[in-house]
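My questions all concern the structure below.
Letters are used for the chains, namely A, B and C, taken in the order the chains are written, and counting of residues starts over at 1 for each.
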């Protein structure tokens, strides 16, 4: 027995591998670090076999494992039937076992072999039926012969199995026993959050989702990156506070906002949705609904310099993850997604092929660096004003602009003069750096020198 | 005797055909409907022979015939010499007969044959003169041998005749008798208006002009369309009130505004000038002076979808009809013209060739449909806000999006989600539909469903 | 002795030619006019030999000569060490003689032959040294064999000579005597200003700099143009007041703003920096930092019509003259430079080749005309409103639009109608003329006619 979570006990009968792992790593052992792409990939490997859905013990287990790396991560349980904004929290779903057995007693489709074999939220069943009758409960992809598709039926009672088209073609005319040993009954929806306080109460909100079973780029890459960012932020002195949230997609943000929206609207200055951050094939940006928030400007600024090849999606045409809720009118949170290959835009999406070979240590590492740069850009962004009228008398001040870091004296001096000229209170450092064709992070050494000399100062009437 | 108009008796000696028609259709007979292009064309044919000008009995007769179809249309008379804004109402002009007779007593140019033969506002004359002396009073078009040009001299005393160049070339050296049996003397300027009340006092203003003699596209198509729109609007329950005005061009709007401008400025939310709406060769738009009024946005929106081939003119370079007065600084009415071939941009313009073969039933019908769509777009336009935060729980609400009308369920559902996402109070339905690449009228079934469900509601602080 | 200046006596030992000239033109003789390119060129020729720098008697002499043409021009002296904004006024520098003498007693480099031979602000020296030791104090241009470069060392104690590379290559191994008979000691910085009152206290500020020794396009063309503009403005009845300032570059504006900035910010509606206005090869514009001030709009408007081939520089990338101070954040003066070939963008820049053959009477004349047009454009710019609603009844008003000046009646009438249509209070005459594709100055005859008729009037609520 692993102990009690708030509101619900963890059932791990069906989770042998991960359970053993936890059993062998009591909380007295320090958790392994998650600070780079390899660590993130290892965490994903550990969580890959777990059967996650909107609710259930797989979600709880996933959040608990992540909590090992993020002290203070708190799990919350919300009862089925609870009203949340326009929604009702659904019943809780847990699966003990599920399979299709042929006349010879062999399991021809087996949930134990891959969680994707079972349609999400399938109701319990134990019946004998002909192949013909069974067919209307089977899903496969004629165009991807070896891929098991990902199918759910959250809000319409149903049961079904997914299998590769090759498997399906091998089924013969006979009677099959179909067993789904599951519970779909009032229980709880589980989510987790973590607050990392900074010098300001204003917050940067970082969210990812936990509800897809064994898939890598579109699910586990997000929680893994959130874990790494959380460790990084917890070890720093931050200007802003941070709010990290892991919840099932769609209903999770709905539930979370139903409890926290007013506070979030008051405090949130930037927000990132972590989704599809694991592969190496693309860098892309889903802007916020408003399109020009601080998060949008910081993300575009960073991508312009660190990933000039990136693609920008259209919110209205292309949205598909939790920005649908967090950016909705009335919520209006300034959320963007800095992604690798976006959901829907890579061939393994929503199939068993979206595995740990699609999401790679190198892919995760670059996503980590892009997010760190975007966050640091926001942390260091401010609107400064020239502290003097006219240019500074550099000779009198003894400023030598020998800043190191490969920036020559003449270049640093020109940066300083330009910064002084741009700093009239009408633009922040992101816009100033954009205007100068540089990145904010590159400009910081000169900014810091000018601040030391009080040549750049806070504006009298700025934000 | 046909009866008294307000302020002036109708002289119909010179209007035999039309007078007979009216005599044969006493007001006890219901007027024929004017609801489609063929009806409009028939009305034009009836009015074609009448000699219209800035003033006079031809204008009164035209307005009276239209009034048969538009109960409530009221004629108004304004005395010559009345000051109106910067202008003075001119003397009234009526023509009994006019011709040029050769030595053999034959009429070589005869106003009875075509009203265009007489220069508008010609003063009376009865003289013998040589061809040489006559030439300075003749107008013809060397480039259009068979066209009688349209010439007026409203504000400079003059007399003259217009004839085809072929006719002119046939004139021989001899003495001609020139007779213009007309009166040009203090009298009245006549215009007509009609108010159709709606649920709101805010008005849509529809104007056309009555002052050109026998020409079709550039004159009669406008009053015919106004008649059809008036019948259509009078038979509906409208959100907005409607103000329909028929007056001579330029001086008419000046006079009308001198009496009604303050009220019009307070009430008018959209305005259409009906001109050159009869031919089939082009669809074009004259924007308002401001260029981005509700009328401009509605007209562009409708033309984008219903006539993507349309041409947009430049107000400052190309204006030439009553928008010159109604859109002038200080008047500032939001008036556009949705036209077919614009005045000046078709070869028959301002000649006898602009006849009932240029304006066609099909051309008129399409203009009617474009104006109905623009009006309906304005009637249905509003700024809506999402009634909930986050996306709606469609399953819980039992919304099936089976709207019919050829829109599939998936498409309707996507429309609904997009409408919810766009409806943040910052744009009206026209802009929302534009952003979605659809027409407002196409979107209405989903809009109505979302309004029923209170998923779209009036914005708290919007207009 | 030539008389006392405020605060400092003029030492002219080293200025034989110019001193003789002044001696021969006592102030009782009227000064020659400076009203066209030839006059400006003659003034430049007179001032060319003078050794100007940040401070010293060459500056005083230059300002005094210009003062002969601009009665009321007042010289001001500011003591070394005075704090001005972020700067300190430097010591005063005066040179009696300077040369490099070879073993044979010949002057191989001689300040008397060209002021550029001496590095600006060289400290006194009188030493014998080897060629090798001397080399580190010599400056030449290997790419421009016959050009003497322009070098200064204002704020770091140093001495040096500049010479053509050909001269340098001719130096042989021997001992040289190096003599700089100069004083570099506490004294004064000198600048001059002139106020020309207009009907309004609002000012147009015109500035140029006096600190470069014998160079033509990049120095003397500016003061010469300022002189011509000053004479022109002093002889007119101006709407605006004018402030003309001549001061050494960079430190001059710093000092001037330290004394006058608050008043200038209150009054200045436009500002021109006169620099590099003498050659014939280009017309170019350095915009203000804000980029869209009245001065920018007037300058762009004039150049669009009078020099459509002009190049527009980027303030942030290309600035380099006194706009660096006057346009700095906190100063925010609306200053532009209408230039011919910009500093840095012509081969003779900052060398002895920038002489009186580079700046020409024709080049100066065109600069004068461009500045006069820009100033007149600002003088005549205003925001007018239509004095009536609707178009004017031209016939009743007897307006014939026979304005002469090559503008036909029909064109003038169309201009009038368009002016009436554009004049809704939302744009000034510059923007209106731009919208009409004409220049404001071309439009003035019709504007004046409409103002006479009160068809265009001041707007009720405009500036």
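One rule holds for everything that comes next: contacts are C-beta pairs under 8 Å (C-beta built on N, C-alpha and C of every residue); 3 or more make two chains touch, one makes a residue touch a chain.
Values in this document were obtained by computation on a predicted structure and should not be read as measured data.
Comparing the residue numbers each copy contributes, chain A and chain C share less than half of them at their mutual interface. Remark: rotation between chain B and chain C after Cα superposition is 120° (nearest 5).
In terms of their C-alpha centroids, the spacing between chain A and chain C amounts to 60 Å. The set of chain C residues touching two or more other chains is empty. Of all residues in chain A, only 85-88, 155-156, 250, 253-254, 257, 261, 289, 315-316, 319, 324-325, 327-332 touch chain B in the complex they form. Against chain B, in their complex, chain C makes its touches with residues 385-386, 388-393, 395-397, 417-418, 420-425, 435-436.
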